[in-house]
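In what comes next, chain A is part of two complexes: it sits with chain B in the first one and with chain C in the second one.
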Partner chain A sequence: MSVATVDFFTMPAVVTAEQLSKTFRVKVRDPGLKGALRALLRPRYREVHAVRDVTFRIDPGEIVAFLGPNGAGKTTTLKMLTGLLYPTAGQVRVADFVPWTGGPAFKRRIALVLGNRQQLVWDLPPEETFLLNRAIYDIPERAYRERLAELVSLLELGDVLQKPVRQLSLGERMKCELTASLLHSPPLLFLDEPTLGLDVTAQDAIRRFLIEYRSRHNATVLLTSHYMQDVTALASRVLMINRGRLLYDGALEALVARIARTKRIELVLGGTDGNRVTADALAVFGEVKAFHFPNAVLEVRREDAPATSARLLAALPVADLSIEDPPIEEVIRHAFAQGFEEADA
Partner chain B sequence: MSWLRRYGALIRNAWLVDIQYRAAIVLWLLWGVTEPAIALGIWWAIAGAGSVGGYARADFARYFFAVMLINQLTIAWDSWYLDRWIREGELNYRLARPLHPAHEAVAENIAYKARTASVILIVWILCAAAWPAVRLSIDPGRLALTALAVLLAAAMRFFISFTTGLLAFWTTRATAIMELHAGVSLFLAGRIAPLALLPSAVAGIAGVLWFRGMLSFPVDLLTGAVQGGDAVLRGLASQVVWLGIWILAYRIAWTRGIRKYGAVGG
Partner chain C sequence: MTGRLLGAFWRINLAEELQYRANFIASVLGTLFSMATALLTLALFFRHTSALGGWDYWEIVVLLGVFNALTGVVEAVLRPGIGRLAGEVRGGGLDLVLVKPVDAQGFVSFRHLDIWRFADIVLGLGLAGYALVRLHHAPSFAQLGAFVVTLAAAAVVVYAIWVVLMSLAFWFVSVENIAVLFDAVYEGARYPVSAYPGALRFLFVYLIPIAWTTTIPASALTGRLRPEIALAAALVAGVAFTLARALWRAALKRYTGASG
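Moving on, here comes the complex of A and B:
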């Protein structure tokens, strides 16, 4: 027991980023012909700080999600971790390598899946890309067959393998993209918007696959997504980033508890007088978010939730009552809309 | 062995894609044949019953058949691919694989060259059967030297094209630069006329720079226009030197460009 404890605490992080920064130099141009000519003769540039002093670590086996609006710096960070981009400043170690100098040995340890860029050869069936990756990653024939069978079964790919990629649906293409990226059994997965544009069923299939894959292979997963369902279903931890700065690093529930100032009281009215309760009567207790007899949802200040619940039980014919956090999407959206610091205040 | 397997897989995929687009193959082939055929037609008419700069009609015919074949064996389109990979973020997944993107480009070159050059070779053999003017009598030693010169020219043109494509790290006009190079090489590499027919100053520039080694030198080696051990050695040495220079340019462009890469897109 004590040995296991020591192992856990001395376990090296699989990803460490220290004071990571990336600044892009972007050409600026005024609109119109005059602006175009001026830009030609006297080009002007401004610096865009895509990532600023970001520090975090990820331990083996974790599933961590980057959370943030468009342009927050999520994908830029991911690209630095995979060696696609050189940072302007800071240190990174991923699977014991510095990503941009790690070479083939590093690349065999990772998989990078980009939601809107695909490696599948458009005109050929996906299996041709799989065979190409088998050669590129030096996967022995038997291991290739076994892994392909496992991935095909987990992702329910069935007869998709023989169809040209251009004839596949978006969901099928993403499943094949994942297969192509995981044939070499990488212990570390970087997924950039893996469910982008997929319908609900396909999104769910990808999430279930990632959970299963991670539990089978003890893989570490770092993902970015705009879909909160991805984050809630997959990630044990979130890194919240906005305007290039890391604003939060921890469990999603703790984040919600920290920034959500309200609680939702969900009521089911009952008894003989239940149908006489009006929205006005409910509004006395808090903001009525929904009311459709016998169900009602009230929003109250976080600290008032227990007392308001007690008053509701005493005053109204309540058959059932539960206290919930507001929907995560709403909390996060509210936090970003107000500026995280403000919401955090 | 693993490199053989990798190249085998890359070339196989390139051919599989080609098979999807049979019309494109025919169009590329026509493009490769049309330019030297037109040039030959013009010089054929100019030469008439006599000769121009020592080239009679039969010499022009052999020269442009050799241009047709060797141009296909040495041409490289990589700058166009590289430009797209860099500007549209298609380089991203290629950088995440344990294989330098240049290997994919080399394999594409081998696939393309094997496909088109073999067809042109067959066309040449069929023409030679009916038309003695385009027959070549070449000894195995010269054939081996020609093969070496073609290999050096192909390598050099690959690095020129790849390096020019890498300029897309800095500019959106990388392909325009390559177009300009192609335009200049039309004259200086001997695509529309043997260098011997150009003004001596222009032919001199082509010889000092890399253009002669790109096409004209291997063509002259095949047709027998280059004679003497010294001339052959000088030609090969020039190819080796320029290949080295272009490899160096590629290394500088790659190591600096990759640091500048914006990895656009997801």
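Moving on, here comes the complex of A and C:
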């Protein structure tokens, strides 16, 4: 493989993607019977640019989150990194391999967990699937025992192993999926929506496990998720992607600071029942997001936050005041809704 | 595909099936019933004729036994395995196979087995054995050897046909119904290929090589087969397998978008 920018690849990164693009040719079909017939006789095609010129790198031990709405190109990128798809253009190196030519040696170094698909055998206890993977990855008996014991204790799977998979809860199943995928000790994990559909407790358990697992084995994790808590709890860095383009690569806090145009002033009001502050009185200072005496939340323009705070303190009986960023979900949603480029400008 | 992995597949499928033991009885009864029906149909034919394509009644029963044994291979291995490929492609389950360090074709082909249908192989061979007794024909070692070679070749040919049909899933996505096409054509293997008129015979020998699957092994058992045909059968199996493998590889390339 010839690489133009050599130093880009000589650095010890686990994943490097350089100007990665994937274009699909999709058949266009007009609605109705006539459209179906025309598509059959004279098919027309349209190019869909699922991923465009995406460049990034991931260092060993990082947990990086892919963010973006449905159809943004997250899964397509993940598939190119795991060798399931050939890119239309660009270069990829993952764990010192070119994914689609890496063969078994490459596949032993990665794990792919898909939140909406399972490899567990439905009618049997999960341990049968583990044994199958032991055979597939050729794991020595002793290493298998030790590895399984570690994962079982980290994921608190004790009494689950003997039950048929069909009797397990969604959360237990995902824990077993993770166990099955990590038995061969891959240094690199690709997780597509690992907490999809799980309840809060199970989500939390998965997150705690991933943090603990990473710190024990210095594993590198690339995950996609719709749950912002996954991202805030796990990721040291986010890659934000929309319409196939990489829009942001960096720390989540820095992203929020860059694109959030507002700040939230959270107030605890003082004063007695006689001279209560009203919502109308607060509205003068900014947009009232919530008001339930004595608590109130105001949203103001980012640059106005210090001055407004000072005016609030002077004008009203304030017991406590703090300035916060708006919730991340809102910032991200807002950014995608507005078109990121515009928010970025 | 290592023996260890095949062993693991066998174990996991057996464990799955053992939960539903009633299936075994149902499966064997079903097979016995369909064999009885086939024999009745045959008896009906032979009320009007004494030979079919130059084969007499018990010779055709030998062939029917071989047909049932091969049907066992189809039902035990092919339909539950490679037969699911279309669903795996459409549902994305294939992705989880492709990231594993195993040969994907071998994995898809042998991961799911219908264990009880292996009984069909035993029942079919039993029927063929019984018919040989009625023919008062004890096959020589050479004939038995030729039978084993040609039966194995037959299994490979049938496997190759399934791989070819199922690989179409990569181009057309929804091809579950194509298994019906196989069933329809495979019915043609119930009778010796010499019983068919010229055009059909050409089709079954050269284009959809099902003639190789039953007529040739049955001929080996009844002592009709020339030794060079057994070698030819092995060769045909080799060619069929190679072609199927090539198509599978092309299909995977298409799946991953490597072919552009």
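Rule of thumb we're sticking to: the second predicted complex is superposed on the first by the 329 of 345 C-alpha atoms of A that agree within 3 Å, B and C clash if a C-alpha of one lies under 4 Å from a C-alpha of the other, contacts with A are read in each partner's own complex, and residues count from 1 in each chain.
The definition used in the following text is that contacts are C-beta pairs under 8 Å (C-beta built on N, C-alpha and C of every residue); 3 or more make two chains touch, one makes a residue touch a chain.
These numbers were taken from a predicted model, which means no experiment stands behind them.
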item: When chain B and chain C are modelled together on chain A, clash or fit; value: clash
item: Partner chain(s) touched by A:V14 [first = chain B, second = chain C, both, neither]; value: neither
item: Touching partner for A:D123 - first (chain B), second (chain C), both, neither; value: both
item: Chain B versus chain C as contact partner of A:L196, first or second or both or neither; value: first
item: Partner chain in contact with A:G115 - chain B first, chain C second, else both or neither; value: first
item: First, second, both or neither for A:A335, with chain B first and chain C second; value: neither
item: Chain B versus chain C as contact partner of A:P104, first or second or both or neither; value: both
item: Set of chain A residues, in rising order, touched by both chain B and chain C; value: 24, 79, 82-86, 100, 103-105, 107-108, 110, 112, 114, 117, 119, 121, 123-124, 128-129, 131-132, 134-138
item: Residues of chain C defined as touching chain A within the complex; value: 2, 4-5, 7-9, 11-12, 15-16, 19, 91-93, 95-96, 98-102, 256-258
item: Chain B partner contacts - residues on chain A that touch it in the complex; value: 24, 75, 79, 82-86, 100, 103-105, 107-108, 110-112, 114-119, 121, 123-124, 128-129, 131-138, 192-193, 196
item: Chain C-facing residues of chain A, complex; value: 22, 24, 79, 82-86, 88, 100, 103-105, 107-108, 110, 112, 114, 117, 119, 121, 123-124, 128-129, 131-132, 134-138
item: Residues of chain B touching chain A in the complex; value: 2, 5-6, 8-10, 13, 16-17, 20-21, 89-90, 92-93, 95-99, 258-259, 261-263, 265-266
